[in-house]
Amino acid sequence: MQALQIFLQNWIYLIGAMAIFGIGLYITLTNENIFKIIVGLDIIESGTNLFMTAIAWHPKAVMPIYTATNQLVVNGKVVSADPLPQSLVLTAIVIGLGTTALALTIAVKIFEKYGTLDVRKIKEAKR
Amino acid sequence: MRNDTPALVKRITALSLITILLIGFFLAFKEMPKGSAVNVNQRVSRLYVMKNVETATKMMENGKFFAKGIKPLRTDVPYTPITFGKSKNLEDGAANVVTSIVVDYRGFDTLGEVTVLFLAATGVAMLLFGKEKKRKNKTEPSLIMYVGTRISFAIIFLFGIYIFVHGHLTPGGGFPGGAVIASGILGLFLGKNGYKPNHLGLKVFESLSGMAFVIIGLTGLFSVHSFLANFLPTGVIGDLYSAGFIGLIYIAIGMKVGAELSAVVNSMIVDVEEEWS
Amino acid sequence: MNSNIIWLVFTPLIGSAIAAILYRVKFLDRLVTFSTFAITLLLLFSVHVGQSYTFNLNFMGKIIPLSWNVTHLSIFMLYISVAFGTLLTFYSLMDKSRMKGFLLLLILAANNWIFTTNDMVGFFFAWELMGWASIVSVLGGRDENSSRHAALYYAMMSIAGSYSMFFGVFTLWKLTGSLSISTNVAYLSSIVGMHPWWVLGIVSLFFVTFMIKAGIFPFHTWVPMAYAYAPDTFTPFLSGVMSKYGIYGMLLFLPISLMEKGMPAAFGLPWVNYIFMWIGVTTAVVGTVLAFFQDDVKKLFAYSSFSNLGYIVAAISLFSSVGVTAGIYHAFNHLLFKGALFITLAAVISRTGTSKMSEMGGLWRKMPVTFFTFFIGIASAAGIPPFNGFGSKWLIYQAMIKQHLPFATVMLFLASTGAFMYLFKAFHSVFLGQRSARYDNVKEVPVVGQIVEYLLMFAMIFFGVQPGYILKPIGAIVSSMGLKPLPTMANGYVTGMFSNVYVPLISWSLAISFTVGFILFFISAKHKYVSQSDNYTAGQIPEEWNLTPETYQFSWKFYEPIEGIFAPFFRIKIDGFFRGLANWTAATSSAIKEIFVSNAQIYAFFAVAGLIIFVIAGWVA
Amino acid sequence: MNIFNNAALLIGVPLLFAFSIPLFGLISKELAKWVTLLTIGFNASFSFYILFAHKYPTMVVMGNWLPPFGENLYIGPVAAFLVFVISMIGLLIAIYNLWAIKKGDVIRFSVLFLMFTAGASGIVLTGDIFNLFIFMEITGISSYALAAFGPERRALGGAFKFLVVSSIGSTLYLMGVTLIYTQLGTLNIAEIAARINQTTPGLLTFAGILIISGLAVEAELFPFNGWVPDTYTGAINGVSASLSGIAAISAVYALFRIAMTVFGKSGGAYVSTYGKIDLMALIALLATATVIIGELSALSQKNVKKMLAYSSMAQMGLIAVGFSIGNKLGVYGGIFQLVNHSIAKSMLFLIVGVLVAVGVGENIDDFKGLWKRNPFLTLTFSIGAFSMLGFPLFGGFWSKFSIVAASVQRGGWYDFIIGLVLFASVVEAFYYLRIVAYMFASDVELPKVKTPITPAIPIFILAVSIVAIGIFPQIVGTFSAQAAGELTHKMSGYILHVIPSIAAH
């Protein structure tokens, strides 16, 4: 039981992150529909974000916010979760949002001009 | 791999590639501190949490920060206890350490992040540029929808403002706050057929709030001689009026994100006719 | 310091700048070109063997010494190239072809630089300058499409060659830390006994370049195209002077292969030299055979030029005193007679407007001076005694026999006989035989051209009868290379290993017999001149037999039987190799291009697959 | 430690004006373009000041937090020089845009173009590995949008390809950065570089591979470069010019900053990296493949723009070959070639843009007889082509010269690599010379075309600079020699300028 607990503490978020990453990559690489590809890219980004939060977390972590009751530092040692990756995730989420918005816009325009959302059919007649 | 590769081949290839990649990740993770082995004290975050970067800087300048073999002695940086609601004039006044990193210690990242979002919104608007056609919902929104969105908009807007104003105290900040505001505006779009926000207002708002951020940064440059440096007193940790320029920046970011995301929603909802020829 | 050497390079450059400004006015361009050539020739009198000059080029804080050093070989090459260039530019004063004088001057600058430099950087620069100026010069031919094609082909070969040399220069620089040619050659010859393969590899990087520029088999494929489609007045320079740069380069590097260095030998020669000798012989034979069947007269002489360079290479590759003497001597002779031949061809083509032999004929009455120059030229080329080609060919045979290479000698003899055959074909079909009616109004070249032709005639006869004037400087060159020079005798002698020939004696005897023949010609019955179609027909109507003016021409199916003999060999096309390489490249190109005609997803696949390859590489390592 | 915080204006001023351009746009469209032009002009002149008043090596501290605790910009010889090049090319393309961008959303286009240039400068300047990611995204997002701009639908397809591949790449980069952070607990490039040998080798290798793969997407190395031809062909010419002239510079810079400074071993004649495999060798292999594939693909193109795209890919490969040799001469050649490539290739794209606009077209056959139709564009195109193929007395010669010299100096299997590269160069020479020969054909009679004045200015300046660099290579040479010194000596060139107190240990 102890071993399982330690295993879960060590690996659960990492495995989750990698699973999400792999699923996203699989979706991106196998679906021909542009929207699904964009969804796949988004899922990949989620996997990365989860990974970044996972490396900030440890089993005894408290939230990194000073409140009246929350002690971040005990005996000269920081006990909170690592705030830096969390702030990086904030940034990464916004960047992912921007990329997704732009990708969707391009998808909309592609549908307008090519009349299809199938990546295999988006090509010019003359090469 | 060609354009006409059968789906099955693609799937099998993708699966095998991803499997190899994940095994690679797994092997790398084995060497990585994880779970209970994660030690925040060995990371630079320790200094951010303890808000003693200045001490560390002094130690570094005296040559006491790096040990032999260039190992940083982050655990040796002395700690001044911080009490919520009492500690004054810390080097960074935000109670939320994530906020203090996002806006203060790594504020330049955030400026870049705002820029990315701004560029995305600009790109969306640029690509969907054209002469607007009259928008028409597929189903006419009901009266409840109309009234409900109007009423809830005020509450949502207020909530958004609350989130970004309290960014330095509670989870949240400019980006979530802005997104909340934009969701209120999305509600308005849903609630009324042919709803048109004030384009000019959005644009001016967006520009001014973005410029405000840069101008705050430049003020830092000209008053404290460093771009994006805090030039205001940090106050007592836990107060609403504390943490120096973090509140100002989060207000600017919140307004900017709100305006930007509303503009994105607007661009995506409205049909346009292109004017290339 | 002897800075006058530098002026050999700068004078043409300045002239080129002036000519480039004036190039829209063709005559002024040519005039500047001619005067610059003449000034350079005068400047040459102030240059003496042993002079040297060093200019330290500061490149990125590194000092690169650009050094000039006048040797016996360089002064000889300088004199003959500049003198010939002066004649050629004088001829071109009244010429209509689209040769651009300023380009020729650029080549002259490079020419002087190549022949005097002693550092590889300068050599490489000059080589590039010469190469590009000549490529651009080829562009101005009569037939624009063909000359564009030829120039592109030439450019490709030339670029491949210069990259090869580039690589060689840097390898040597890395090995010795010096850029001086003489130091590097000395270094190579000091290690050639220990690492023959190594040295062979480095030297072949240079030799590929030299062989391309000289047009030696199997890199000759650009020669017929470039020679034939270049501007008519540029071809003499291309054939006469520029092909010698390759020979000069080879002569710089050949001292490495001295027998005493312990190279493994084959048939009494270091085997590398042996192979190289056979390359030369093959060049001579292949050039001859290919020249038989050309209809384009410039192409015919291009192949002839290619064949003659084979003789030179075969001779110098022996690296014996006779061999090198013969090689350099033949280089000089080839410059003279091939230059003369191409100049006369330029004259003919400028008057007739065609270079096809089947469209010419019977021009000797209209252009007698040109005719005689051409006649002496082909007599020289064929190696007929009183004219200048004789001595060198004779020495070449001697050198071959002396090395006990009977088979190669026989091949060279064969090539020489073949040369006589194609030369006669060209001679007859251009100048003799029936004249087509459309050339009734053809005039002789202008006086300027005639002067040049007289001078060339005189030179060919003079150096044929008095070979000593050339053999003496060559003797100095040979001894400066560490070989024993041939014994010097009076100017009239061609000295050899087995026998010495006193040429004036032969010439007198030939002149007497010729006079006798001439007298017999005049006292015999008068000839009747008829029009072209008034002949052979025996009362038939030519059209019924599908006979056209071309089919009456002398060159019409002239060597058809011989062509049958060689037919199997024609299936082996050397330019087929390069063409194949090009086709292969094009096919690979189309195949590789297919990578990039996919969609976004496939590219994502590529990226992930590349990543995976790395990951696996990381595990394996 | 030399701190020059005012250099933050290199990022701050473009940001300020990018945010305010929509307001200027309310007044007039032209004003938006002019504001962009002037802002990039400010950047160009400021970086000119830094470069020629010899203000570097210096550092900009953000928010008063010294590195390695806060973020910083490091302006070493590389950054000072490349920022100047990027701003100058950006300025010239902005002048071209004054003429070329007339329709569509001009105002927002100006915003994106301004931030594209500023973002590329940011990549070069930044001293923080995560900040590098942000600037990559700024450049990336603006270039997706710019590439999709234009009336032709092929632009959209190209932009989408770019977006998909590049998003995957940036995710991989972020993963790699995170992995390094777990071991070293810092994001500052200088500190990571100083302590990279304290990581475990397996993780280090994996992180390095992820980061290099991520950066190779924008540095156009095979097999991460599938997007290149379609994006370059699809985008309008000004954008293609800036993609190859600006984005590519910063991407290659980032690639080798990571490989040489962060992962590199200090000391030794040739830079190699820590970890199980030598990342420099890996990049060398990629680069060789890129050169060969790029040149061979370009050979059979009939569309000049596509040909230039492939050529651009191949040139990036050549640059990467130069860098990956890892000695001073090789890096010198790489940086020199980087500058030459960005000048010449952006000029060629601009010329194609003018030619398409005046109705000549972008196929090889349209170029026939161009000399008689428009001598100015023909001459400048030829100058660009000659520089590309490394003709003596043109800029490209010196860089190719140095790269070949460096690889021969290194020897070993670099001899083989450079042999392949030189073969590819023959192919390159062929397809460029073919166009040049076509342009000078006189057997085609077509009406003359006029060169518009505005785009002729940048084209003329670029052509003159190519010739000037060819004749006086020290214009670029002095700076690239300093830059090569910085990249090959990571301790004295980089780390000690950013964190001087490391010297004591």
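General remarks:
For clarity, chains are labelled A, B, C and D in written order, and residue numbers in each chain start from 1.
Here is the rule we go by: contacts are C-beta pairs under 8 Å (C-beta built on N, C-alpha and C of every residue); 3 or more make two chains touch, one makes a residue touch a chain.
In this text the structure is predicted, and so the values were computed from the model without any measurement.
Note on connectivity: the fewest steps through touching chains from subunit A to subunit C is 1. Chain centroids computed from C-alpha atoms place D closest to the centre of all protein C-alpha atoms shown.
Interface comparison, B-C versus B-D: the pair with the greater number of contacting C-beta pairs is B-D. Centroids built from CA atoms put subunit C at 74 Å from subunit B. Taking each chain's centre as the mean of its C-alpha atoms, subunit A lies 29 Å from subunit D. Per-chain CA centroids place subunit A at a distance of 15 Å from subunit B.
Contact with two or more other chains is made by residues 130, 134, 137, 141, 144-145, 148, 157, 160, 163-164, 168, 181-182, 187, 202, 206 of subunit D. Taken residue by residue, subunit B touches two or more other chains at 3, 10, 13-14, 17-18, 21, 24-25, 27, 32, 34, 38, 43-45, 106, 109, 112-113, 116, 119-120, 123-124, 127, whereas all remaining positions touch fewer. Residue positions of subunit C touching 2 or more other chains: 597-602, 604-606, 608-609, 611, 615, 618. Viewed as a network of touching protein chains, the structure reduces to a complete graph with every chain in contact with every other. Touching subunit A in their complex are the following residues of subunit C: 597, 599-601, 604-605, 608.
Interface residues of subunit D, counted against subunit B in their complex, comprise 5-6, 8-9, 11-12, 15-16, 18-23, 26, 60-66, 68-71, 103-105, 108-109, 111-112, 115, 119, 122, 128, 130-131, 134-135, 137-138, 141-142, 144-145, 148-149, 151, 179, 181-183, 185-188, 191, 194-195, 198, 200, 202-203, 206-207, 499, 501-502, 504-505. Against subunit C, in their complex, subunit B makes its touches with residues 1-3, 5, 10, 13-14, 17-18, 20-21, 24, 27. Listing the residues of subunit C that touch subunit D in their complex gives 59-61, 125, 128-129, 132, 139, 144-145, 148, 151-152, 155-156, 159-160, 163, 166-167, 170-171, 173-174, 585-586, 588-590, 592-593, 595-596, 598-604, 606-611, 614-615, 617-618, 621.
Contact residues of subunit C toward subunit B in the complex are 594, 597-599, 602, 605-606, 608-609, 611-612, 615-616, 618-619.
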